[in-house]
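Following are the structures in question.
Next come two complexes built around chain A: one with chain B, the other with chain C.
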Partner chain A sequence: MKIAQKNLDNLKKFAPFLESTTTMGWIWIAFLVLIIFSGFAAITYQISEGQIVTGMRDYVSWSLYKVNFIFFMGVGLAGALTSSVLHLVNPSWKKPLVRISELMAIFSLIIGPVYILCDVGRLDRLANVFIYARLASPITWDVIAILMELIVCIVFLYLGLIHNFAILRDYDQLKVSKFRKRLYRFMAINYENTPEQKKHITWSQNVLAVMVIPMGIIVYSVIAWLFGMTKQAGWDSTIFGPYFVIAASFGGIAALIIVLASFRKFFRFEEYITFKHFNILANTLLILAFFYGYLSFSEYFSKWYGFGTFNTELINRLFDFSGYGPWFVYANFIAMLAPMLILAVPKWRTITSITLSAIIVVTAFWVKCYLIIIPTLESQHLPIQDSRLEWIHYTPSLVEIALTMAGFATFCLFLTLAAKFVTVLPSSIDIEEPVDTKL
Partner chain B sequence: MEEKDENKGSRRNFLKLGLGVGVTSILAATSASLLTSNKAFAGNSEKIKVLTQDGKLVEVNKADLVPADQIVSREDSHKGLPNRKFAMVIDLGKCKNARKCIEACQEGHQLPKEQEWMRVFLMQDTEKTAPYWFPRPCFHCDNPLCVSVCPVGATYKRSDGIVLVDNERCIGCKFCMTACPFSARQFHWKEPTTYTVPEEKYSPETNMPGREGTVGKCVFCPDKLRKGELPRCASACPMGVIYFGDIIEDTVTNGDETIRFSELIKNRAGYRQFEELGTEPSVYYLPPVDRQFPLERGLDGLDEQQIKKYDNVPYIKNLKETKDGI
Partner chain C sequence: MKSNRISTIIVLLISMLFVQAFSYAQEDEAEYDGYITKLSLSYIKNTNNVKTLRCVITAKKGEINLPLENAELKFYAGNEQSLLLGVQKTNNEGFASLDINNELKLPQDDSGAVLYRVEYKGLENSKDVTAEVSVVDINLELSLEEIDSVKTITVKGTRIGKNGEILPVKGQDLTIYVKRLYTNLKIGEINLSEDEGIGSTEFKSIPGDSVGNILIIAKIEDNELYATVEKSKEIKWGSIVSYDRTSKKRELWTNEAPIWMAITLAIFLLGVWYHLVRVFIKMRKIKKLGEQIEGVA
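Up next is the complex of A and B:
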């Protein structure tokens, strides 16, 4: 029996998303592509002129690229954790969240490392990372861990999509090009929804879901150790691994709320993504806000109280209200308090308010990444004595800003295109009877 | 002045710091004679005794002798000079920010003006403590974080204590720059234009020519050490601030006087900067006591841009305020 016939009603509802794009949709895609092109122009310019076109100089030698790297990897971590936890716990309401969080994870995990490539001075020698790999370097740990996580996440996503591809393959009325039909056929790898096939897929998914959780934590801890392993003020911290993981989960869950809200609004998924989902994510956000606040407090309080020479300079810089002060307050206090205030009162808890607090948290997470990297590099152990102002204070250049925007645009474009290619809400069309599998 | 410099040179040779000296001078003498009377030796299997780099006396055919290649290849630059452990001692009491070390370094390594491998800081730890001039080369740490974090092994520590960068392997990730607690490393942000050394003559020992997208830093001038000479900064310093030598031999010299390293450190309370970071630097400092010059002398002859560097130092702030007051 063809799988699609079971789900005919739902398929009819969802087919338009796959078959055609509205004018607004095209404008949106064109807008994103334009930003991405400006990013391409920026990176081409940078490669031809050298990194002198960025705002980076000898003291602040890591900048927006690393900020975006840890931001996207953090969002990827939260997406991967959410989808695998949901898969393992298997609550009845999980369906609308699973695939969206998986897609979010994969796209972030793809975009994040690209920023590292932007940051490398000699792209032509990138192969050296494998040829002369030194296991002592946290960068090597990163390369190994990120590649593994990416592979595991892609396979995990694909396993979940096979059923979807099979449905789309078998649905005759779907008005898409022949090429796409063939692609669905190819991607469905002869899946016929037999009990045995189903069992294999679920079993593999379980194994991968179990793997994703520790791997995600390891990957992000290793990223934290890019900083934590050094002696720089503000980075030389033993809690950097867990701090990063908590901060990333916090920011990433907020990103997931925003993505869900966008899908709900622009794809008219009100029926499927309901207040219930937002409510559960809001609870998660609230719990993480407490963790985040606690870790932030213990990190900076002990730095401030102990007044080590180098720490004092950094702390003064962070609390300098003509400089980083307002941003520091935003990233550490407002981000922590906003979900608490908005979400603690049941009356105020609406989808709009939850999304609003998520926007605060996600932007604060980006600012937090910025504050972890740049002020530290501006507070070297030896005084920075240089007459060139742009060497002392970092200001992002247009090239870096263009590439930052291009990263976000790519993220949006990937999600939009994914929603045009597969049905992002598995619950609506796949009927997945529970299969008894034991690990 | 010139005469003095020459004297310095001969004393340097006398000290025979680089162990290559024996070999180099024998080779040089022989090759010179080879050049003049090459034919006379053809077919002649006269043997000659030479000292190898690791101190063995060996016999070779005189006819086989060729002048030694001056450029140390990338592979050879990984090996340190045998039985050496180099160290630098900087006497802060003598430094008057003459900037000759910086200039000699920049000239010797063909660096652009804005790139200073050797830097002189105006240090003042607090408002109430005395300011002093603080020359800072690369510290060539024994626990170098830059070496630990390098993902491709482009920066490495040699047996003689020197930390070098291989410009041809470096991928430009800049991790070593953020990891170095002493801000000793500099990046080629654009294609450098100051180098006249051809690319095929590249050696990590001089780190010339520099290349866009790679990292450079002070190298302790192993090219000079091989010839038994002092690093460029040490020989250029008119005040004899910078002592350089060998911890195994327990000797350091600034070209004028040669002292026992351990005694110098003991008697003058030598210390290392940021000992608490645990990187074990090879550069030692003698505290800025018994100053030979008033601090202001260091500001003489600096152009406005150079003075502007020190604007944040409390001492300079005060100086400016009093001047404005008058």
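Up next is the complex of A and C:
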């Protein structure tokens, strides 16, 4: 009861979220579970029938799965960067953002790589990635970097939650099952908020926060190099690493705004997640929009100006308004201009308008991932003999669409369940004084 | 002047009709229930002197073009007194082929040509579809020799005359190819002489496999008299290409990663795990400190 006593008022406010679920909450969870089950049915069907049930053929051998992989890894990168930067800079308003961005990062890092498993034709050979790992292969770099990033992010989140678990352990009036109480006790690792314990936690968090930033950048750069290290026109670019990192930060910050707005609306966190938080994120989004626009222009302008045969074919395909043209404009121009137009004018800045521009940016980021993969694979260097129209033009199948929806539903379900297990807003109950420590 | 032009056009039109009539491969079509059945026949004689008749049958209605699967096709040789060569069923792509038995004595016309015919009876109430191709059987001899240090490809074309005599194939053009991974690479053309039916061309250096082997192909293609005939030979004329990838250390797909890469990765992994282990030790200390407090309490 010792730690809990300090935060009794806040605990009383937040305990209902942990203790029970409203009818709407159950309906929401059931809806998500239904979508996830459709994804399970789809992957079972794919495994039994083979990848012929997808839209992947000889030309386009990476599909929506790879698009979703890049998308989720990008969201993960933005989540990890936000939480670690906020932890190190330690602004007074950071707390509502920190835990949500940490959770976002971990769930994205878990869901993203699952799509690679969906993309692999022979899952039985998956162990070969480790058994016959070659140090010189970008795929090996990717596996190592993602695993490291995930482990560090989980430990980083856990360190932040120890204090929370100790409070929930000591709060006798919390009406949860005995098993859950025991789980809180186990996870709290005898934390009693002593200066010595706080010092250990702060040191560990600082170290991991410093590690997460370069690791996040490495992970996403390595993903970019999976493309950039090939000779494929459209991917063979020296700026793909920074371009991917900026695009992911851009899309990921927008995703964070949407998640914050959702928590604010559905969990009634108006008191804790305020306009100030949205305003700061909007400024970040605005700056990233300029960087994103600059890198996009640089990437496509140099390709167009160089007039290489295959690059020209790809650029023509991307600007073909009977095909990918509208999507290209949406992903590159509207995504960049929307935040500039909406957020640059102070009068127009409201939580709703910021969330709206975030929705545009997130969807545009997904479309951008699609445009990086699909039209490029449709513009092959080497002709494939006896190729047919359906091999060249990719159309996602119902199986891929179901699995895509299942991924997004899993992300939402994980966030919902996390909010039922721990308090997602640390400021609500964990009132901690800063501790001076050296790294 | 004007009459000259008109006569030239008439001659051209007549010659086009002539070419159509003696085309190496013929197409025929018949309509049934809105579907137009198309049948095409072609002839190829490969390097092992195996003569093959190839046939494709499709049914077309508007934009839909369906291959006819399991269609029974009868192959004949000769015009008036036809000799049944065999019966084949088409596969799922509407394709069927028949190797002609070289032991058979095939009926020839005065020019020495054999008329091959394929028939599809079709469904009840539909018209028969027939395609024909008239071919003079020829042989190609391919010799590869170094003459005065010049690698020379020589081709001789012959055919059997009406009385069994060997006659040269005169003035015929043929193409020389080298087999590559995806398709054949054209390296030259030969025109068979008007007297002996012999022609030659020089071979210039071209990459071969790991021991320098290349496959040289002499081919008459889609010819109105002889259809498609080819002859090929393998020879060590290609420049040797080394496929020893281990010698190229800097490529990403070599088995051996560069040392700096191994060092970078080792530093990265050691750095991460060193700090993670220290964090785990700190967590253990937190637990022990808590146990001590509980013990005191």
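By definition in this document, the second predicted complex is superposed on the first by the 432 of 439 C-alpha atoms of A that agree within 3 Å, B and C clash if a C-alpha of one lies under 4 Å from a C-alpha of the other, contacts with A are read in each partner's own complex, and residues count from 1 in each chain.
Keep in mind that, in the parts below, contacts are C-beta pairs under 8 Å (C-beta built on N, C-alpha and C of every residue); 3 or more make two chains touch, one makes a residue touch a chain.
Given the structure is predicted, the values throughout are model-derived calculations rather than measurements.
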item	value
Overlay on chain A: chain C relative to chain B, clash or fit	clash
Which superposed partner A:192 touches (first chain B, second chain C, both, neither)	second
Contacts of A:133 with chain B and chain C, given as first, second, both or neither	first
Chain B versus chain C as contact partner of A:62, first or second or both or neither	first
Of chain B and chain C, the chain that contacts the larger number of chain A residues	B
Contacts of A:120 with chain B and chain C, given as first, second, both or neither	first
First, second, both or neither for A:50, with chain B first and chain C second	first
Touching partner for A:144 - first (chain B), second (chain C), both, neither	second
First, second, both or neither for A:231, with chain B first and chain C second	first
Location of chain C clashes with chain B - one stretch out of 2-10, 164-172 or 182-190	182-190
Set intersection of chain A contacts, chain C complex versus chain B complex	134, 136-138, 229, 382-383, 385
Residue numbers on chain C that touch chain A, as the complex places them	182-183, 252-258, 261-262, 265, 268-269, 271-272, 275-276, 278-279, 282-283, 285-291, 293-294
Chain B-touching residues of chain A, taken from the complex the two chains share	49-52, 56-59, 61-62, 116, 119-122, 125-126, 128-129, 131-134, 136-140, 143, 226, 229-232, 377, 380-388
List of chain A residues in touch with chain C within their complex	134-138, 141, 144, 148, 151-152, 155, 159, 162, 189-192, 194, 196-197, 200-201, 203-204, 207-208, 211, 215, 218, 229, 382-383, 385
Contact set on chain B toward chain A in their complex	114, 119, 121-123, 136, 145, 148-154, 169-175, 177-179, 181-183, 185-191, 211-214, 274, 277, 279, 305-306, 308-310, 312-313
